[in-house]
Each structure stands twice: as structure tokens, then as C-alpha cells.
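Right, I'll just put the structure down here and ask away after.
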Amino acid sequence: MPPTSPIAVDRSGDAAMGPDRQAPIERYQAVRRHSLALCDGLGAEDLCVQSMPDASPVKWHLGHVSWFFEAVVLLPHAPGRRPYDERYLRLFNSYYEALGPRHPRPQRGLLTRPTLAEVLAYRQHVDQAMVAFMQSCDAGTWALAWPLIELGLHHEQQHQELMRTDLLHAFSCNPLLPPWVQGAPPGPGRVADPGPAWQRLEEGLVTIGADGRGFHFDNESPRHRVWLQGFEIATRLVSCGDFLAFIEDGGYRRPGLWLSDGWATVQAQGWQHPPYWLAPDDARAPAEHWQVFGLHGVQPLDRHAPVSQLSFYEAAAYAEWAGARLPTEFEWEAASASAACHDLHGQVWQWTRSAYHPYPGFKPLSGAVGEYNGKFMVGQLVLRGSSLATPAGHARHTYRNFFPPAARWQFSGLRLARDLPGASGGPAA
Amino acid sequence: MPPTSPIAVDRSGDAAMGPDRQAPIERYQAVRRHSLALCDGLGAEDLCVQSMPDASPVKWHLGHVSWFFEAVVLLPHAPGRRPYDERYLRLFNSYYEALGPRHPRPQRGLLTRPTLAEVLAYRQHVDQAMVAFMQSCDAGTWALAWPLIELGLHHEQQHQELMRTDLLHAFSCNPLLPPWVQGAPPGPGRVADPGPAWQRLEEGLVTIGADGRGFHFDNESPRHRVWLQGFEIATRLVSCGDFLAFIEDGGYRRPGLWLSDGWATVQAQGWQHPPYWLAPDDARAPAEHWQVFGLHGVQPLDRHAPVSQLSFYEAAAYAEWAGARLPTEFEWEAASASAACHDLHGQVWQWTRSAYHPYPGFKPLSGAVGEYNGKFMVGQLVLRGSSLATPAGHARHTYRNFFPPAARWQFSGLRLARDLPGASGGPAA
Amino acid sequence: MPPTSPIAVDRSGDAAMGPDRQAPIERYQAVRRHSLALCDGLGAEDLCVQSMPDASPVKWHLGHVSWFFEAVVLLPHAPGRRPYDERYLRLFNSYYEALGPRHPRPQRGLLTRPTLAEVLAYRQHVDQAMVAFMQSCDAGTWALAWPLIELGLHHEQQHQELMRTDLLHAFSCNPLLPPWVQGAPPGPGRVADPGPAWQRLEEGLVTIGADGRGFHFDNESPRHRVWLQGFEIATRLVSCGDFLAFIEDGGYRRPGLWLSDGWATVQAQGWQHPPYWLAPDDARAPAEHWQVFGLHGVQPLDRHAPVSQLSFYEAAAYAEWAGARLPTEFEWEAASASAACHDLHGQVWQWTRSAYHPYPGFKPLSGAVGEYNGKFMVGQLVLRGSSLATPAGHARHTYRNFFPPAARWQFSGLRLARDLPGASGGPAA
Amino acid sequence: MPPTSPIAVDRSGDAAMGPDRQAPIERYQAVRRHSLALCDGLGAEDLCVQSMPDASPVKWHLGHVSWFFEAVVLLPHAPGRRPYDERYLRLFNSYYEALGPRHPRPQRGLLTRPTLAEVLAYRQHVDQAMVAFMQSCDAGTWALAWPLIELGLHHEQQHQELMRTDLLHAFSCNPLLPPWVQGAPPGPGRVADPGPAWQRLEEGLVTIGADGRGFHFDNESPRHRVWLQGFEIATRLVSCGDFLAFIEDGGYRRPGLWLSDGWATVQAQGWQHPPYWLAPDDARAPAEHWQVFGLHGVQPLDRHAPVSQLSFYEAAAYAEWAGARLPTEFEWEAASASAACHDLHGQVWQWTRSAYHPYPGFKPLSGAVGEYNGKFMVGQLVLRGSSLATPAGHARHTYRNFFPPAARWQFSGLRLARDLPGASGGPAA
């Protein structure tokens, strides 16, 4: 990538910049197809609904990720390109102040028009234009555009995960608790051993952040050094059975286990268990045992499955109850190199004890995409790993996901950590 | 109808109670068909959306009016009848505490399931069962059931009007301001003369309420006497041109014209004109003149059309500005016998200066339908007449519509009244 | 009073307009002294506190009623008069838009400055200026000013009642539930007989409203005729014992007894009994029996005392439970002429089933005082009678007090009414 | 301090544990006297008011800090001690769940009783008991109690600062904007040089946290190592003149300068300048120039004074506008050793770019005082230094103050930092 590139987030795409652009185009098409595949079995009503301000309708996600390619790639870089529909520039802008006014987020569910068919036509239009552009633009344009295209593909993958979690939340608000996917669930991701085993890491300097050998978001850089005290991290995730013990021990009724904001939330919201759990007396699906709502509808609670849909507050309270703590994001990243840690990816995102703040020397991308990550760097906590809803190829050890501490509609759980015995003294004792 | 009938609200249905029930069945079918006809040109997304807690999705309306026949007629009166789906009894109950728990009103828009196809299948099932029941039930059952069926038909007509106003509100929240009906609007209902003419009524005792010669709701009875002071009432509705003069005279900026609650609402909500009006500088559809959103999308403001979508507060402020006042519902009803008054029906509901309270001697219907009207008798104002969205055959001079004073998503306007000169002294002066 | 007087609300003051103005001055001084007497035993902290937006600090009341005399009488009518402090004109204006900007009502409790001493000095200044003005103004000025002065005195008496109820509410929010008045309460106003006796009134035309032979507010006029159906009214108030039976019969848990807005409020606010009642398990003052908080602190519930601090919703639900209803304000006024009705005054205000709306031909006072009553005529219900907190000489049968239906910090209770048997048919039956 | 002490936060008190306890007693008395001295010139009304849920009345502060000594020292450690008033245990508990139920924080302003005189009597009682206890307890008890007493003194000093900021906020809500302190302000703390000078620190391991040679709070430990990248820090605070340039450059209108939550707050709250600044057109005190409200009332804006009462959002936006950033709390602490940095203490607290999270190996104090700090460790940002309202002897370089990012009623400003040129690459670059 030439030094004039506005966003130097990728140094591995050089191969794609040669005369043969077939691989990038196929990758583009594969990612875009996957968004539509996620809609299998859903109707227009399902795709239009918005259950809370923090969630968006799937149809809006489908339009927004297309808008990203149109607004960030095609309009600035494809000569003579006109907007498909001026009104979509506003409707499908999420939060980019630099790209103009936006439709208010809490009202996205009111957009019955454009219809699903019209949004799919918009997608098709953008895809045709993108492929034509990728096939024909000159090398200089390609060098500028490809980093933005690759960013757009990762952006679309992020929204693919949100399409899953946002609609699942809407289904969870429906008293019928409908299954999204028909049929029995596959064997759930199981937490192998009943008790946690601990992996020990000694104190020392570690290097944190993306190494620049593949795509990464700006928030994963710069790569930098962090001093870690010695600690231990659990080799497995906290399971539903673990969490049930916390509940049965009065976990949701003991203020001493909770951070102050967490306890205030427990009381204000009446939390008594994770949001998709159904107590035995739940009127929506009475049973003699605990059940859990998920993609396959209501299923018996599996004690060996990882606990999910937890807020940070619940994760931290559980850790306190268990005599442990959450790892920092740096501890997690350092431990991720160890083969001993299971289920780092593909089950649930893991809350860390780290605020989502910039790395030392952090520089946002230039241009409108500079709003991608940096401006959210207060009031949120970092989650590491990835979940069963994360698209294939999107996860990596340096990935920093982030949500506010009360959020609990993601596939979010935890992995415990703890200090080494006698570690509380400083270097000078 | 035998005197043992639990709800003696109708004395005209006797003809239908003979051996030939063809007319009632055809009436049932006609009303039910009209609900579906209202959905022409709308998609499943349109029918599922809910734009505010006070409005409901059209799909919910379609299910609810069918639920009424199932819960109030079929289950109590058709032997051996089982619920179509136990869950629908809860989902489609609106506010009848006596008929069990309900789905929370503000979350009706989250019901992507049951799907539109499932709700239409439910309607079809109810229709088949109702027609079979109406054809075959014995005379004693018919005598009990027909008043409930007739109530159900008028209930469905009420919801037909709400289907129009609720979805139009959702469209009004969509920045695209889509037209519901394609093509140019028919000539609007025009207010004939530019200035109001006044019809005078002298003081005296008048008789108010339904006379029992046709269907009426319980809130229109008992028929009773009211003493009216002499007054004058406008022979025509207030027009958009009239209301524009109020706006241009600073009507929305002069606290002295408003009731205290109204002025607080103006300031809190930032009201500057009726909700579906677009000022010339409105970014959604810039123009050089005022425009109005309605069933045909955005159209130029027609100065001769009746002003609509007003709250009571706006209607009362306009009347104050115009040196007049709103009529009471009794004045309106007394004046409705006069041929001089135009547009009593079919254009806009007309706010009155009467709280929606029980008539002297009011008795609600017995049974669950007793919750139909009486329990809303505080905090609302009466509107009289009917609107362009009222189904044919549903309007009458004794009809009492009611909404809270801040509501402004109905086809609601006003007609002026005023005291006779020198009338402010009492009888003993 | 000459016909040029701007506010013709009083025809009895003529005697006061003679050369001897001693009686009016003494009346002025007596009313003003009573406001200060109400503060006996209270400290500066008590007088400064505001417990909710609907209430005001006593110190603010003390300043506001003085402001009324300054802004409405002295500044317009006393030549060369300058404001005592320009800032007080804004601080102590309650809601008169015509008299300039106001300090926001919910923030009156923040006014630690001006101090109590400064407000008392302001009172003293106004009193000296008022007495001097009353002694020396010419006859023409007196004719204009006296009606405003008399209005100001009645205005101050209204605020004297609010000083009691507002501060009592603040004390009720203090977990110490401090007594305002030391010592045991005097024998409470007792409801004589255990069961209600009924007074019957036949149908007919009655005359309602002030007859002009003494002071009245504008909202009590014009005097006009109203047709009443025959009805019965209880000769006594509903007692605490009566209301306890309602509670013990599940009154607060049965939606069928409540108006829809009332039931929503019961659920949202968690109402289980009147606000100043303490259930036996109340942690603030544990006891084996029900207790009631009041001016003398916490006292055992007296079954023979009238129930108080009820909202309209609770009054209406009680009446429904008792198989009766609330009287309209016209029924109450018509019945007030009967010697059979006890405790019309001096115990608790009595909720009526009448919205607070203008009488036919109502005209507000002219000038700024026109905002006194008329602009509140929506969203409120009328209470009739007077309470133990009403100053002597302030009550009359035509008096219309008004509060929103959820208000429950006044001395507000109820008296039952009911239709005559067989009365539900109309005249044409 | 013997190793059996439950809270090993202090190793310097050993001298006090000898037979002569005069110095600790004198220190106790001096701190306690200072709280009362802060009330000079204030009336009972001033001391009772609460202007927002985040603030408390001064009277409540006075009671609460006495409660701390009673509940944490006297009742557990003084044999046979009975509560002064059982009710005060609840009224004056702030947030210690382990010490029983509490009075709700937003309603502290309603506590007109106990009166100021009663609270002062309570203070006097506690002081007498404390001095007697300190004089007479045995050595073992002293060893347990002294750390709690010392904690209580630092706790009282924290509340001394809040007494200043909380009441100043109440005064700022009073449209009279009264001065707390009469007379002209002393020369304000001046920021010497017009432009910032930068102090450079090279990358490396630094040691952070209290060294145990004096009192510190638990949140300042354990002392531990942190790796810092090289950076520069401003030798002076940001001044009002600096901040005025930000405002005049449209700082409050440019979303690109703000974190997303900050911009949402700017829009929701209508922020246009720091909260105690008065624009020239401010109706409360019109002037031709900017003014600032403070302890001496309204004064002309001093461009050389440090800007204060900033939220984190405003501090971060200013830093972005200035092409710099906020320092982390570790950078601040490392730089505090440098003589080049001015005004580290005594002017304004300085927002850092660090979330208030536990240090590695953090252990809260044992017992009820364990709730002192740890449970607030989410959702807040660290401020370093101290302010003009911080009592003498309370500040230190390792001190961690913390507030939510929107808080702006403290004496809170900022000091800039920036990365070294070319520092954004990682070690392997």
C-alpha cells in the first residue's frame, strides 16, 4: 500500500492490488451472500421489527451495510456515480456525523417503507456497481478503495452478528417465544470439565495489539507494551450450571457481590436471572425445570453450556461470588497464546475488566471512517473472543468488542481470572 | 329481544331474530370484508408496525376484532367450542380485565409472530364458526348472542377507523412520508363559505341521548333532559385557511390563548402547527408553500378543507383566538337537528367542551363487555360527528367519541360556538 | 361598584367604599396575620422545603401572596410606586404569563435566598404600603382597587390552606414523620352514624352558582339553571372505618372497581391504601394496628374520622365498591341547602363526578387576574365543601375547588350519591 | 500497626499508638472544627437544601460524617455504647449496605427534621464520646480503632470538599446567584504563561500507587508497575482564556470533537459553555462580557484562571480541539514527580483518560468500610491532583478522585498531554 493511502490499517492486501482482482471480488460476494442467507426462514415482518433503541431491524442492517459501500466507496471513488436514492443516504446512515443527517435510531422500526423488496433491490444495485467498480477501476483508485472495501466487509460481518442478536431479542419479547431455527438444537458448545482449571502467567512485559499482518480495526493498534502482574486465568468458560449455583446461592439478592451501579440496575430492572432464562414458573412456557430461550426457541437449560446474554454487572458479580475476578483485556490477550485455554472463540464473548479506551498512541482512521471506533471510547467495557454468532473468518485474538455494562442481548459470558497468592504487594513491598 | 336479555341496548334488531337470519349474516360478512379491504395496497411490514403506545398495528386490529367474536360470542355461547389458539386469547385482548391477562399495549408492534398469514387464517376460522353459529343456534341462544354480535360489528367498525388513523400516524413518522393511496386525492371535503354563519338556539330543556330505535353504545344512554342556555353554533367547520390565519397571527406563541395544560404541551412538544402540516422549509419535502400529509401523501394545503388532526388544546386555543368557544356535546347534539349545520358527519370529528363522563343514571353493559366504555370516563373529552375514516353506517347524532386532550392523530377538527350577547347573567340577574 | 370596574365579581363591597375604610383594613391585617400564625412552631428549614413539583415551600407562599398585592394592586394603582425588588417580581410570580417570566415551579425549594428574614421584611414592606394606600387613595382608585384587594385576600386564604397541605406532604416524606402540632389531637371530626343515611332530591331545574351577594371567584358564575334527575345523597362523609372495609375487601387489587386511568395509577405507583395511612407492618412506626399520619404526627386510625388525602380515583373506586357513585357538583350544591347533610364544610373536601369546566357564559376577570381560574379548566375534577385546613370565612356552598384526579395531598374525601331506583330510563321511556 | 490490624492501609500511625494520644485527638478535633467553620455565613435554609440527586445538603454531610464515627468506630469498639438515636443510623448512612437500610439519596433535601440544631447536638455528642474513647481505650482497641478513626477523618475531609461543591451548585440554581463569600475574590489562581509548555517523559516502567509511608485509601494500592510509552504533558492547566477560544471556535457545535456519549449529552442538555459561565446576554446578570459564577458570586471571567466545573466530555473535546489528549492517570502520577509541572494541586482536579478501575491485586478493606471505594469501580473516570476546595493536608500525588463523565459541579479542569512524534508504531514497528 502506498504511503499516500488514507487508512493504513492493512499491509497484507498488497497481493490483491495486482491485475487479478478475482479473489477480492469473490470474497466480497461471499460476505454479501451470507447476510441474505441469515434471513432464511424469516418473513418481512420479522425483518422490519425493532425491539429497543439499542437494536436495529434486520432490514435496516441490510440497507445500512450496503449504504456503507455506496457512501464510503462508490460515491467518493467511482467517477460520475450518483446516489441510488438520495433519501437512503439519510435513512441508512448509522452514526457518521461527517456523512450528513441521520434517521433517529429509536425509530428505525417504523421504516415499513422502503419495503424489504426495495431494500433487496438496493443491495443488488450496490453489488452490481461494486463488482463493476472492482473489476474496472485503475490501480491508483484500487489502492485507495480496497482498504475501504475490506473495512466494509468486516463492517458487514459485524452487522451479521447484530442481525442475529437484535432479532433474537425481538423474539425474546414476543410472549410466544418463537424459534428462529426449526428443529432440535445441535449439541451445544459444551464446557468440558466441571471445575475450572487455571493457567498461570508470570509477571512481565507483553506486547498487545495487532501485528499488522492481516486486517484489523484501528482500535487494535498501535501495538504496544504492557506490564502484567502475574495471574491465573481459567481454561474454560463459566457454564450455565456454574451460574445456576450463583442464583441458588442468592446471587441476585446480595448487594455485597455487586458493583454499585450493578446493584442499582438489579433493583431497578428486577433482574433475577439471565434475560433469556425461564424460571420453572414462567407463564410463557411452564415447566418443572429451568429453561433457556435461544435460536431454537425454548429448550431445557444445559448445565454444560456456557452461560450467555450476561451483562458486565452480572459477570462481575459472579466472579466476586466465585472468589475470583474478570481478566483484563491484556491478560486475556496474553493468555490467548496458551493452548491450555479452551473456547476462546466461537461460543460467547467474554467480558473483561477493562474499559474500552484508546491504546497509547491511538490514531483513528482519517476521513469519515474515523468515526468508526474512536468516538465510542468511554462508558463501555471490552469483550474478547467471539461468539457462536460471529461469522467465520471475523474473529481474532486482538479483536476488541465493546458494550455498555448493562447490555445483555449479546452472546456474552465470562472466563474467570485471579491474582497469584501474595501478589498484592508492590515491587518495593 | 326478550326482557331477560342482559344488554338491552338495541330494540331494532327484532326483525333479525326471526327464522330468517340471512340479513344479519350478510351484514356480518360485509363488515368483516371491509376490514380486509382496508389493507389493499399494504404489505406485511405496514400491517405489523406500531408507531406509539396509543396506536396499534393493523394486524393486531385484525386479530383483536376476531378475538372479540371468539371470546364474547363463540366461547360463551357456542356449545363445545374450544379456543382456536389459547395464546391468542391473551395476545388479542385489548383491555378486558375480566377476560384474563393481556399483552402489554406498547409492545404490540413486536408481534411479528403470529404472522399476517396466521392472523388471516384466524379471521377465516372465526368467520366460518360465526356463520355456522348464526345459522344454526336456537332461538334462545340467538336472543342472547345477537346483541353481542351487533356490538362486535360496531366494535369492528371502530377499529376500522383506528386502522386508518394508526397506520397513517406510522407513515407520518417515516421521513419518506409515503402515500397510502396512490394517485391524486379526490376533491377534498370543502368548507363552502369563507366566513362562518351562525345558527341560533334558544334556551330550554332538550332531550339528549339515544332514543332506542337503533343500535347505540351504552355511553349514549340513558336518554335524559339537559337545560341549555341560549347559544349560537357555526354552520360550518373551521377550515385550514382559518387555522393558517391563527398560525400567522402567532397563535402557537401566545400563552394567553391556551389552557394551562395546553400551553405546557405546546412548549414541551415544540408544537408550531398541526402535526401533519409541513411548513415551507420542511426538509422532508421542501416547497414554497404549506403542505399537508395525508392518505395521498404530501399535498398542497387546501385552504377550504377542514382542519384536521388537531388536539383539544389546539381546538380550544383557536376558538379563543376567534372570539368564540367550543360547543358542549349537548349543544352539538341539540344543534344537529338543524338543517342549517353542514358537515356534521363525514369530514372530521369535532371536539366539544364536554368531559367524557357518564350520563345521569348510566349503567354499563353487564358481563365482560361492561368494560367497553364506562371505565374510560375520566380525563378525556367528547368529540361529536364522524370523519372521512368512519365506516359507512357507523355514525349517528348521539355518538360520543372520546380522546385525551393532547391526542392528535385522529381526523379531529372543530366547529365554533358562542354565547348569546348578554347571556352571562343568571336567571335572577 | 361603578359599572366601569374591570372586575364585577362583587356587589357587596359597596359598604366598604365609604369614607370609613377601617373595616377593610382590619380585614386585610387579620388575613395577613393568619399566614404568619400558621408558621408557629416551624423553623426556617421547614419553611423552605419543597417535596414535589405540585407543592411549594411555605416561604414561597408567604412571598407569593405578598407579590400578588404588590404586582396587582400597588404597582398598577399606587402612583409612583417602585418594585421592592425587581427580582422578586419574577421569583414570586406563580403562573401569570401576563405579568412576566417566572421562576420554574419545581425549583422553588432551591430558593434558600431570599432568606426567611428577607421574605418577612418584604411582607412587612408590602403591608405598610398597602395600609397606607388603603388609607389614602382617592375614591376612584379605591373603587378599582378594592375588588383586587379582596381577591388578594381570598387568594391568600387559598394559599393558607396550601401552606398546610404542602408542608404536611413534606413531613410525610420524612421517615421521622414529625408532628407539626405538638400534643394529642383534639377529638377528630367524627362521622356520627355508622351507616349512611340518604337524602332524596327530586328531579327538576335548579339554580347553580354564586348569587352575587358576597365575594365569589369568577369560576362560580354566571348563575345559571341546570336540570337534575332525581337522586339521593349521603348525609354523612365516608369514614376511615368505611374505607378500611374497602381495603380489607381487596379494593386496591380489583381492577373492576377502578376507572382505567385509576387502575393504571394504582399499579404504577403501588398504591395499597391512602397515602398517609401506615399499615401495621410499616417500618417507620411499627404497631399492631393501622395508623394515620397527620398534623399531630402518627396517631391510631380513628374509624369514625372522615377518610382524607384520597385521590379522585380512590374516591370513585370506593363509591363503585359501595354500590353508589360520586355526586356531581350540581347535585352537591343543590343538596347543600338541605339541613340533613352533615359535614358539608370543615372536615374534608368532597370529590365530585364533575370535570372542572366553565359554566355556560363564563367570562374570566379582565386583566392579568383573568388567568386566575379559567386557564385550568381541563383535566381536573371539582371538589366541593371545605376542609379542616380551610381558613375561617373562606368556605361557601358555591365554591369550586379543583385538582387533577391523581392528586392526594389535600384533605380530600368523599360523600356518596346514588340514582333513584328505576331512574335509568329517559323521559320517553 | 500490628499485623493483626484488619486494615493495613497505614503504617505511619504507629507513633500515635503510644501512651500519648494527644496528637491524634488534636488532629481529630481540628478536622471536625473545620467542617463547622465551612458553615460560617450560611443559614439553616442554605444548609438544608439539595439541588440534585448527586448532591447532598450540608446538614446531611454534617450528620453523615458524625454517623461514620458512631457506626464504624464507637458502636463496634466502645463497650456498652448505645446509638444516640436509632433513626439517625438510617438517615445518615450513605451507601453502606452492610450497615443497614438507608434513606434514599434524592430525598435528603426533605429532611427539615432533624433540625440543624439537632444535628449539631449530634455532632457534639459524637465528639465528646470520641474524645473520651480515644483518651481511655486500651492499646488493643486503639490498634483496631485508630485506622478507622484516621479513615473517618479523611472521609470527613472528602465531605468538606463536597459541602463546598454541593452548596455552590444549589446557589448556581438560584436565579439570584448569591455570593457565598462576601467581598471581592482574592487574586485567583493564575495560570502563569499564555501558551502551554511541555514536559517530556521517556518510555519505561514506572511504579504507581501509594508507597505506604502515610495514609492512603485502599484504591491507591497495591503499588505496582506500569509500562508507559513516551509522552509529553503540559506544565500548566488549561485556562479560561484557552477554553473561551474553544467556545468561540464553535467547540460546542462540532460533533467531530466529541466522544459519542458527550455529543449526545451536549445536545440533550443544550450545553453551550461551562455550567457556571454566564454569556454576555444572560438575563440573570446582564453584562457586556463573559462572567463566571463562584464562591464570590458573579465575577468577570478571568482569562488567566484555570477553567473549572468541566465534565470529562468537555475536557476531552477541548483536548481534541487543541490537537492533544488527556493524560492517563499513570502518566499524571509519573509526571507529578517533575518540578516543571505547575498547579498539580490546589486549583482544579484534572480529568484523566483513565477509567476508575481496580489496580492489579486490589483488595478492598475488610468489614463495612470495604464498601468505601471498590464498589464504584465502573462507569467513572479518574481525576488527579486536588482543588481549591480540598482541605489542607488531604491531597497527595497518588490520590484517585473519580466522577462520572457528565459530572460538572466539581472544581474540575484539565491539563493536556500528547504522544511523542512518531510514537504510534509498536515496538516492532
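Before moving on, here are some points about what is shown:
For reference, chains read A, B, C and D in written order, and residue numbers begin at 1 within each chain.
By our rule, a residue touches a chain if its C-beta (ideal position, glycine included) is under 8 Å from a C-beta of that chain, and two chains touch if they have at least 3 such contacts.
Since this is a predicted model, take the numbers as computed values, not measurements.
Each chain gets a centre from the mean of its Cα atoms; the one farthest from the centre of chain B is D.
Centres computed as Cα averages put chain A at a distance of 59 Å from chain C.
With centres defined as mean CA coordinates, chain C is found 36 Å away from chain B. Here the spacing of chain C and chain D, counted between their Cα centres, is 47 Å. Among the residues of chain D, none is found touching two or more other chains. Pairwise, the chains that make contact are A-B, A-D, B-C, C-D. Here chain A touches chain B in the complex through residues 43-49, 51, 59, 87, 90-91, 101, 103, 107, 109-116, 170-171, 173-176, 178, 283, going by the rule given at the top. Interface residues of chain C facing chain B in the complex, by the touch rule stated above, are 95, 97-98, 205, 207, 209, 211, 221-229, 231, 255-256, 258-263, 312-313, 316, 353-355, 357-358, 360-363, 371, 375-379, 381, 405, 419, 423-428.
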